[in-house]
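Following this line, the structures themselves.
First chain A sits with chain B, and in the next complex the same chain sits with chain C.
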Partner chain A sequence: MTTHFVSQEPFDPHSVEKLTPEQERLYLSSQWRLMWLKLKRHRLAVGSSIVLVVIYLFAFFCEFLSPYNLHTRNTDFIYAPPQRVHLFHDGGFIGPFVYGHTYRLNMENLKREYSPDRSDIQKIRFFCRGDAYDFWGLVETDVHLFCPAANGHLFLLGTDRLGRDMYSRILHGAKISLTIGLVGIVLSFILGIVIGGIAGYYGGFVDNAIQRLIEILRSFPELPLWMALSATLPVTWSPILVFFGITLILALLDWTGLARAVRSKLLSLREEDYCTAAQLMGAKPGRIIGRHLLPGFMSHLIASASLSIPGMILGETALSFLGLGLRSPITSWGVLLNEAQNINVVALYPWLMLPVVPVIVVILAFNFLGDGLRDAADPYK
Partner chain B sequence: MAVYLLKRLLFMVPTLFVISVLVFVIIQLPPGDYLETYIAELESQGESVDPDRIEFLRAEYGLDKPMYEQYFVWASGMLVGDYGYSFEYGLPVNEVIGDRLFLTVIISVVTILFTWAIAFPIGIYSATHQYSWGDYGLSFVGFIGLATPNFLLALIMLYLANVYFGTSIGGLMDPEYIDQPWSVDKLLSVLEHLWIPVVVIGTSGTAGMIRRLRANLLDELQKQYVVTARAKGMEEKKLVRKYPLRMAMNFFIADIGSLLPSVISGAEITAIVLSLPTTGPMMLNALQSQDMYLAGSFLMFLALLTVVGVMVSDLLLALLDPRIRLQGGAAK
Partner chain C sequence: MRERPGILRGRIAAAVAALLISQAVPASPPAEPPLLAQAVESGTLPPMSDRLPQVPLVMDASMNNLNPGRYGGKMRMLMGKEKDIRRMVVFGYSRLVGFTADLELAADILHSFEIREGREFVFRLRKGHRWSDGHPFTSDDFRFYWEDVVNNEELFPFGPPKSLRVDGDLPVVEFPDDWTVVYRWSRPNPHFLVELASPRPLFIYMPRHYLESFHPRYADREALDEQARSRGSRNWSGYFLKKARQYKLTNPDLPSLQPWINTTRPPAERYLFRRNPYFHRADENGLQLPYIDEVQINIVSSSLIPAKTGAGESDLQGHYLRLDNFTFLKEGEKRNGYDVLLWKALNGAHKALYPNFNSRDGQWRSLVRDVRFRRALSLAVNRHEINQVIYYGLANESGNTVLPSCPLYDDRMQAWSRFDLEEANALLDALGLDVRNQRGIRLMPDGRPLEIIVHTAGESTEETDILELVHDSWLKAGIKVYTKPSQREVFRDRIFSGETMMSVWSGLENGMPTPEISPGELAPTRQDQYHWPRWGQYHETGGKAGEEPDIESARELLGLYREWSGTTDPVRRKEIWQRMLEIYCDEVYNIGIVNAVPQPIVVSSRLRNVPKEGLYAWFPTSYFGIYHPDTFWFDE
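Let's look at the complex of A and B:
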């Protein structure tokens, strides 16, 4: 008979693999923290989120950062081209300044011609008083980060057909264009979670009905339906109502994808033991869904929701461009681009197309951020 | 298979019914009707409006009847191929659309072929050369294509084509060929104009397709059968073409469903900017002037095509991919 060696030491289950404190922290960290750690390594996503934060800050402080107000007209400078900012004049340092425009109407083709007047040096002022504005309804002030020289003018990105400064208008437009995507996504998020939650949790007839509804909504091509719905917004509505109408339309057609994701997740999760336990303890469906089931895949939902923000921004731009979306005086990038509809613009006033640059940047940034979030939220990657 | 097909077809009936109700509600939603728009337009031109004539028109088009009756007339007419009457053009909807449909289909088909021709090689290259400079560059170009609003691209291309090739602005042919019978010159003129919409509409579709093909192919390339085939010494090109590419094609077949309606709707925004004689601008116009039967027929037609398209792609998937089973649950 052979004898076995039996250690008398108390058994330590971690004896095989000792965890360093670092590993331990990683293993015990919450889902959100894991997601954050993964996201941090996705350089493109981090860069994009920085870009987005900066752009949103610009939109938030747009009145302060722009030299003119949204509707300030400079009737002497209609379709003025962008001015270049110079630092030196004839070899001497002056500081940031622009040359004043001299205006001449070319009588042959009736084209407005502007040329920089090198004798007219207009120094840009900083932290100066200009157009009065109401900062978010809180403070009334007229301080701007920079303004044109006294009695001068400053059009960094040119002016439009009413002599309004494009740079200021693009900044003001950002406010609307950037919020419409966020408001829309919040609405569609709520719709998707509630409707998808109901479908997934109850199953059976309710699920079937909702599934069919989603299928029907999806069987319309997106743009024609957008167009049809926004054509139904009465012309008599105030611009603010139209804004909400458009957001609602964008959201109403967007929630289906999220609802499907919520439903399929809930269908499997509601069979879990912890869900049964909650039911036995008398929790109501709303609480079970909201408190126990949703947090399990919230990160995934947010990631996929962020990917549909660019679609909404593009949608608003397209609708406004067609004249079906927002209308002046509400100004979004789409409304600005509406003025660039004409081929003449491309040929004569190409700076009117500049609002497309922030559109592209924002959409790319949201796409990259969404990609990064999705990868980070995926536990199998 | 036959049972499945029958089931799907039967199921289309209630779906289409609900869709038709929805469409009718949408086209009825704007306050007022076409006649009111018409009156306002006449009055703005300083012309007097004869109330008797308006009443006559209203009765003629059934606009005085209650909603459900109007719906019934419209829906039952559609069943026998009568899509109603376009107020604006003063013609039956069939005739109004018929003309434009031909050109729309030409543009769309060429665009789809263009998209495939570009997207496939690039998608395959990107997937097989993942994380190479070529992959990064092409992905970046694709992203830009996705993010640039189509209408702007259309404007710029239009301008460039005019400056460098002297192509006339807008439309699908030089002005002198409009309403002329088809001839070689007219065809050449159409070809000269065709490439702009094709490239503009194509770019956004191409970018999306490249990304999806790349993602699908990448998933397949990591699978074990690929490793096995490679270990056995299969030539790389043949290897990709023979197995993973075929598997990655599933998404492509699933896409056919959404392709069908887009052939008809013909990229509305681009068409409007380029003033193409296709169905897109017409639909926008109909929606704005409340030419309700024309707009309604468009929406209905598009929805029908989507429903049919989805069914076709489901059937194709089932035919081509033995892993997909028609009876749910049997595969467990």
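Let's look at the complex of A and C:
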């Protein structure tokens, strides 16, 4: 007699591949969480995002972190080279200090010559009072993280032709250069989603018209168009208006790529059953696009947006470098580089080209981060 | 006497007139320039003695501390624009009469000249003087210009240019023989000789033998028109003028009297100028000048010129170099075999701010016409700081006036060029500009903040740096400055049309005038006086365009200028100059910053006879012109 074994246990459909609790959490987690998990494994992207956070913090607190204000001129120290920070003097520990500069105008070749004066020890002060500034319009204060010794000077990255501290200027420039990318991308994001959404959802004539407009916009060479638009900004505008003008110009020319991505995604998604279902239930186009379609590819949008931020930053830098973008007294990295474009700087004052370094770092970081985001954007792959 | 091996020394038997003319009678024929030797040998070119005029202009040690040199070499220069090749006429400085290094007028192309009562000019040409193609240069070339060109209605619809007129009247021109020309006006013409000696001279002669074939009086009009149309001109006159450009040098076929002649047809990026085999100057040894065989001009972007000069790619360079390039240039001195000299700029102000009296903005117009306002602007400029920061403290802090070394200089001219914010603020308050907005900017009577947009030609960061420094000190006087760069042509048009409030440009051209030189720069006489373009235009066009000056002091200046033109009395002329300078400085029509700024000049270390110190200016020195580049030569 054969006994037929029947398990008394209740039927468990998952018995073949038993999920550990971790696996279960992974399988059941939301798309955003999956993206995060995938992004975390992209080392370069993680590193880049840390760098970016630090740089943005620097930009946010630039007045506090820099020893001088943007326009503080030290006309006694024109074209002073960067000073080295020392800790020890003659074998004894002193703490962070710099040697004072002795200045001599070499009448032979009219070179401003600086040499460290080893008898003049200038200890760097911390949490000290220096140039007064207005912190984001909230508090007026004069506290800096560090400043030069009393009656001393501190030029970590040298000074320019009017004796302005390059380190402070680069920090202040960061504020402009970095926000222009973010503000610009927000604007172009809105433009891209609205226009692309309309084109994709309605299709037909509307789509056609928008596509042709995009083609026309894209067929112009980018740089001359920027230049033409920025030349129209009135000179009497206050620097802050010019700043927004430039941002707007960058955004106005940048939304086209995003709009196309939105449109093509929408074209395919609107044929999906859940979309038809929503339509049959009487949802309005705005709700269908916003509630049902956009979330379906939001991750994509974010990834592609983060990839176009460096484009914006470079755009501003290029415009300002050509003297068409921001103008002094507003100072961005592009403005600083614009001032550095001559043979004297290359041959004699190379430290004035330092703003290139943060530009490169930020652009690379944004690109790596965008790369990671793009990989992570489709976590089911 | 200095002697050099390899050079046959001629002996000078002198017949030196007051005008530094001497006669060279070489004992044996001097050596031909190697470049021409073959042509002379084969007989295609006559020997040097036949190529020089009977009495050449001898450039000897008494003139510029010159050392006699040797032939050969190619001098390289850099220019930023193609049309800069016209500088070769400026540098060549072959003029009927020209300024000497002491800024006196002396005969050059002319053998001699005579002035009677300041209104009759008798010019005697050098016998045997020839155009660069070997054709004799005679009074016929003057007659051609006078009769067939400048008095031809098709070529010059408005007749001869202003510089040939005295109060609109033309001279009587006579040609008694082949070597004499006489210009006679009814009243004195003090501008005539100076025009002939200018960097852009008045050419009152043209190579008749060459240009005849383009003129309908000597050729068939139909055929000429036909030819002109096929070359892109509307009719023969346009074509003629194109062929006859003696200043612009665009026609390599045009015979010339300059030391070097263009051999390259534009457009090109490299222009080669070859020696004029019939040039009329010789050195004390009887060698025909120029010493240097060829001048090569390379056209490169102007921002690259300091770099290329520093790399040793130019043998003689002043243009496009600025004081702040000095350190860089000095670095390459040894390595690339050149010397950097510091000459002085001659402008009355290196940079000056020009408020526009003819601005379309009525409020602004009435403000700048108030002398207190202009004085306050001048007092609020910290010239010392600008000098230290931008010019290493080497410039002279001054308003726009003559240089301190000029005999006409007076310390009182600087009354308004000190730095005195207190008085500036007091003057502005007294003007009724005492209301300020929350940013501390004064308000104009109509309530607008006092924001001045300063236009620049956008050619250098020097101007923006100055303006940045001016911005800071003016802000303390409650005035806000914005800088607007544009292109030079646009810049000029905007000023002329009154669109601008203020502009930056260089100051008075000649900071070392003598009472014999016209004081026209001080009075509203020219449109390119950027503080009163429309008043200058009014004078220039004889009242057909522009506006009549409507402030008393400007009218007085104009009256003084007219009086100067009518008098030949040196004492009175000096008085007029002094009075005009006094008004000009006291009224502060424009705001000079600094003057006597050193100008770096890069000279190849093989190049000789370039003075160690010199004046680098357009007028009256014609840049290198009065130092005679034809006497420069290359040592081993």
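We adopt the following convention: the second predicted complex is superposed on the first by the 366 of 381 C-alpha atoms of A that agree within 3 Å, B and C clash if a C-alpha of one lies under 4 Å from a C-alpha of the other, contacts with A are read in each partner's own complex, and residues count from 1 in each chain.
One rule holds in what follows: a residue touches a chain if its C-beta (ideal position, glycine included) is under 8 Å from a C-beta of that chain, and two chains touch if they have at least 3 such contacts.
Everything quoted here is computed from the prediction, not taken from an experiment.
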item: Three-chain arrangement built on chain A, chain B and chain C clash or fit; value: clash
item: First, second, both or neither for A:Leu162, with chain B first and chain C second; value: second
item: Touched partner set for A:Arg212, first chain B, second chain C, both or neither; value: first
item: Partner chain(s) touched by A:Leu269 [first = chain B, second = chain C, both, neither]; value: neither
item: First (chain B), second (chain C), both or neither touched by A:Ile360; value: first
item: Contacts of A:Phe321 with chain B and chain C, given as first, second, both or neither; value: first
item: Which of chain B and chain C A:Ala228 touches, first, second, both or neither; value: first
item: Partner chain in contact with A:Ala347 - chain B first, chain C second, else both or neither; value: both
item: Which superposed partner A:Phe220 touches (first chain B, second chain C, both, neither); value: first
item: Greater residue coverage of chain A in the superposed arrangement, chain B or chain C; value: B
item: Location of chain C clashes with chain B - one stretch out of 186-194, 492-500, 582-590 or 618-626; value: 492-500
item: On chain A, the residue positions that both chain B and chain C contact, one per complex; value: 343, 347
item: Chain C - residues contacting chain A, complex; value: 303-304, 306-307, 310, 323-328, 330-331, 385, 388-389, 392-394, 451, 453, 458, 461, 464-465, 468-469, 472, 482-485
item: Chain B residues within the chain A interface of the complex; value: 15, 18-19, 22, 26-27, 29-31, 143-144, 146-152, 155-156, 158-159, 162, 169-170, 258, 261-262, 265, 268-269, 272-273, 283-284, 287-288, 295, 298-299, 302-303, 306-307, 310
item: Residues of chain A touching chain B in the complex; value: 212, 215-216, 218-221, 223-225, 227-229, 231-232, 234, 310, 314, 317-318, 321-322, 324, 337, 340-341, 343, 345-347, 353, 356, 359-360, 363-364, 367
item: Residues of chain A that touch chain C when the two form their complex; value: 73, 75, 78, 105, 108-111, 161-163, 235-236, 323, 327-328, 339, 342-344, 347-348
